[in-house]
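To start, the structure itself, in structure tokens.
Chain lettering (A, B and C) follows the sequence in which the chains are written, and residue indices restart at 1 in each chain.
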Amino acid sequence: MTGLRRLLAWLALPAALIGLTGCSGESEPRPLTVVGWGGSSQEAHRRAYWQSFTRATGIRLQEDTWHGGVGVIRTKVLGGDTSWDVVQVETEDLILGCEEGLFEPLEWSSLGGRDAFIPTAVHDCGVGAMLWSYLIGWDGDRIEGPGPRTWADFWDVERFPGRRGMRRTPKYTLEFALMADGVPASQVYPTLRTPAGIDRAFRKLDALKPNVVWWSSISQVPDLLGSGEVAMSVTSPGRLIVANRTEGRNFRVSWDGNIYAVDYWVILSNSPRKAEAAQLLRHMTLPENQMRLPQYIPTGLTSRRAGELIDPRLRLDTPSDPNNMTNALELDANFWVEYGDQLTQRFNAWLAH
Amino acid sequence: MTQAEPLAPDAAFVAFADVGKSYDGGRAAVCGLNLSVRKGEFLTLLGPSGSGKTTTLMMLAGFEAPTEGDIRMEGRSLRGRPPHKRNMGVVFQNYALFPHMNVAQNVQFPLQVRGLRGDAAQAKVEAALELVDLGGLGGRRPDQLSGGQRQRVALARALVFEPDLVLMDEPLGALDRQLRERLQVEIKRIQRRLGVTVIYVTHDQAEALTLSDRIVVFAGGVVQQVGTPEAIYERPENAFVAGFVGENNGLDGIVTARDGATCEVRIAGDLLVRATAVGDIGPGDAVVTTIRPEHVETGTEIGTLCNRFAACVDDVAYHGDHSRLRAILPGGAALTIRTQNGSAPGGSDRLTIGWCADRCLAFPAGRVNGGGA
Amino acid sequence: MPGSPIEPAAGRRRSGAKRGWTFALVAPLLLFLAIGFLAPVLLMMARGVTDHELATAWPLTAEALREWDGRGLPDDGLARILGTEMRASRQAATLNLVANRLNYDRVGSRSLVYATAAAIEEGAPAESVADLARIDPRWGEPAQWATMRHAAGPLTSFYLLASVDRRLNADGRIERVEPEQAVFVEILLRTFKISAVVALLCALLGYPVAYLLASLPARWANPLLILVLLPFWTSALVRTTAWVVLLQTEGVLNNLLLDVGLIEAPLALVYNRIGVYIAMTHVLLPFLVLPLYGVMKSIPAAEMRAASSLGATPAAAFLKVYFPQTVPGLAAGMIIVFTLALGYYITPALVGGGGDQMLSGSIAFYTNQTLNWGMAAALSLLLLLPLALMLFAGRYLVRTVPA
């Protein structure tokens, strides 16, 4: 009897402590929270959208940053953490998160209808935020003349001596390898869906492997190119062009055979402020607001109307310029959702041998 | 200032010649040290802390290098010879046993580094442990031993390789009084039996008197006196030695007259004391006269003594076999008196005390052998 | 209590109460650990050996699969149940659970599930295995059904086998995966090798540093200690960027060596294993120096003097007296470094090459990118088991030498 009572007392003590701490918190509602990828892209969103949004609506915004991975969001939503409302996600994260119900389905009518956007920017759970691409970049001060143009040039270490920077993932890398091997953009994913196509991509990679420096963060690329560690690198153009503008560098890019993809805005399904979040999405997708974005970062636009109205000079360094779409390939996120585990495993095994 | 040794320097086992040590050019820790150690003797370096005795020992062991002078052993200079080539056993105050080895391994260590292994080494280790009464404890670890046992291990370790010289740096300082006294007896017994030369550092004058063949008294980095325990106790050469070794009463005064070896000193209350003059003192000099408590008489025979005074007893402390009285002279000076119990005049708070001039020494006041003096 | 013959019962009661108090003092922490640490870890680990996706989305199919003997193709009853449940789960939006789970084991299963469910929804018959095979021929392959059966739960060996490059074949036997897919054993061994080398490098570099710190007076030791701790206070990104600047082809070190004429062509010091060793050793060095410094500080200077006076040369005194006493600190430091190094993946990702990635990188990939938490859990278990052995060995090693 006393034993039981003592046991209850032990149990009650921590419970009481938890009760005490549980009383505080959630008293002050937090501001609407929007989560971007940091760096120059977040800076651009802030200046193009977020400041004017608070001015126009009076709704205060709070910023956070992350580096992708739907696992982060899954942990938050399943764990009852309601600290994020609007998040910028990549396509695969969008697909997986939407299937799992981590994202709120969008009301497209309030965004101006699905037809107001380019087709890839439209998804049940997300609306395109920006259009970006991976392509060949190099330092114009180190490679004179016209420089490399195609992926075949990228593979050609005779004509362009020096190492190559590539992202340490099978994603993009296998596609580029097939294009370098002469597979036309339209046939890249059909080829990759066959075992022979995968073998072909890895065989092509074998040829370049001794010359590759594998980077893991896009922020490494300007340093790798600028220091001459690599002669050319897979890169997204934004950072290099920003470096040209702000640091007087002479980085150059070739759009031939670029892979482009869309980032999306999503609203988390456990957001306590879904109405305000939808308001923010509307604000960020209005053509007149989107047109401001390329002033701050070279990116393609998802709103058709904004793409037509934009100053052609601002379009020059973006996937929105039709001239940049020669042999371009849209990233097939469904392929990577399906093959990601297997190919990453094989890619890592290949890297180690 | 230091003592001329009766022994010729080249006949000495260990000889310090004008040795000095100072740190970073600061005050000298040891200064002008000349000292000869005879083979087989038990020599104690005695002094208060900071007097230079430990520095002297460390220079001999090779852990410190003299900044002046030279130390010779059997006629050869020790300069530049590292500690491990000096063949001296050192016993440290905190034992410095190796905690990761058991007792036998600790004792075997000096044999092991000398390449001695096997049964011969084993036998020596066992003999050394027997010598210090630790037979059978070879398997214990140091942290399983008492303080006294640890010190015995340290002693065995310092003796097992039959060193030319054993140095002990306050080895009993961390032990309680009873244990200390027991170990003193043992150390002396072992030293006699082995005939090994021991240089022993202590600040405990009683320990020094008990153990030593000779004592070297240090103060302020300078040797004050070198001599047998009896000479140091009975015939101190200056006021510092007189006060530091054994208990002593000191009476400040001025010399009024000198007659050969004796002099007359006026102390507080215009009392005149006849004393034996030590050193170069004459009328008008300020002196300290000393008289040991056991030399102050209170019995009936004081009528024959040249120094007699009426005093009142301030305090009596009973010590079993004797008592200690505190007596105040008419001038206010206080004396400690030691009386055999049973012979002391009981009850009265007034008594007459007296002492003989032979027992009473007059030293120049404030003179301690100092640095460079 | 032994040795107190009087009132042993009272004694026991007192000591029981005392133990109760001790427990009460740490109870909040224990509760916190249990709720905040142990429970999530165990739950996560459980994902490595359980399969619940299929049983959640298609409970009747899962049950039927478990009853099926697994030979060849199942009977049409199972196909009928599957058809019904596929349609239902498409409406309940739980298809993705099964689709992703089956896709882990057999690539293509994801689109197979979605396409089949869509076809059934549109009215295609699904009354027999043959019906399903008409929708997609893969339903006619025993391997596809074996994959389904392996996922029926509740327990599974799939993830654990996959984490050691093994799998169950259609006959239920364990076989190796194709060589080009076999990667985890190699990454695991590499992870251990890198961690061991880093621990060794830390020991070689850190031991003299700790010795210097322990033997210097405090006024010199403290500023030096702060220098040693500096890596703690810089972010991983800044630190690795600094190493890149120093070590790259046209970096500070290579240029210096070229200018001095020691080398004729730049050395490859980064984006390879050397870079990983250098950067990880730098970051982890404090974890070795600190425990070692603590142990060294506790060794009295008199012991070295004693050894020397007893006839030991400085080298012998160091080897026989000093070094053995520092072994517990050294072992503790190396175990900490080794353990922490096992979990590294950002530093190897930034300064390593293709063949220098570590197991935690794979765990992070499955946790964050593809949400294959079963695989992440199995790989964590793979990392955890040898680690536990290591700590056990370390405890033994430390205990043999009392401090």
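Throughout what follows, a contact is a pair of C-beta atoms (placed from the backbone, for glycine too) under 8 Å apart; a residue touches a chain by one contact, two chains touch by 3 or more.
It should be emphasised that the depicted structure is a prediction, and the values quoted were computed from it without experimental measurement.
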Greatest centre-to-centre gap (Cα means) from chain C is with chain B
By Cα-centroid distance to the whole-protein Cα centroid, the innermost chain is C
Chain B to chain C, mean C-alpha position gap in Å, rounds to 67
Taking each chain's centre as the mean of its CA atoms, chain A sits from chain C at a distance in Å of 27
Distance between the CA centroids of chain A and chain B (whole Å) is 85
Within their complex, chain C touches chain B through residues 300, 302-303, 305-314, 316-317, 320-321, 324-325, 401-402
Listed in rising order, chain B residues that touch chain C in their complex are 61-63, 82-84, 86-90, 92, 94, 96-100, 109-110, 112-114, 141, 143, 157-158, 161, 167
Listed in rising order, chain A residues that touch chain C in their complex are 6, 10, 13-14, 17, 68-72, 74, 92, 96, 99-101, 168, 202, 209, 212-214, 216-217, 220, 223, 227-229, 334, 337-342, 344-346, 348-353
Within the complex, chain A is touched by chain C residues 20, 23-24, 27-28, 31, 93, 95-96, 100, 103-104, 107-108, 110-111, 179-184, 186-187, 190, 241, 244-245, 248-251, 271, 349-350, 353-355, 357, 362, 365-373, 375
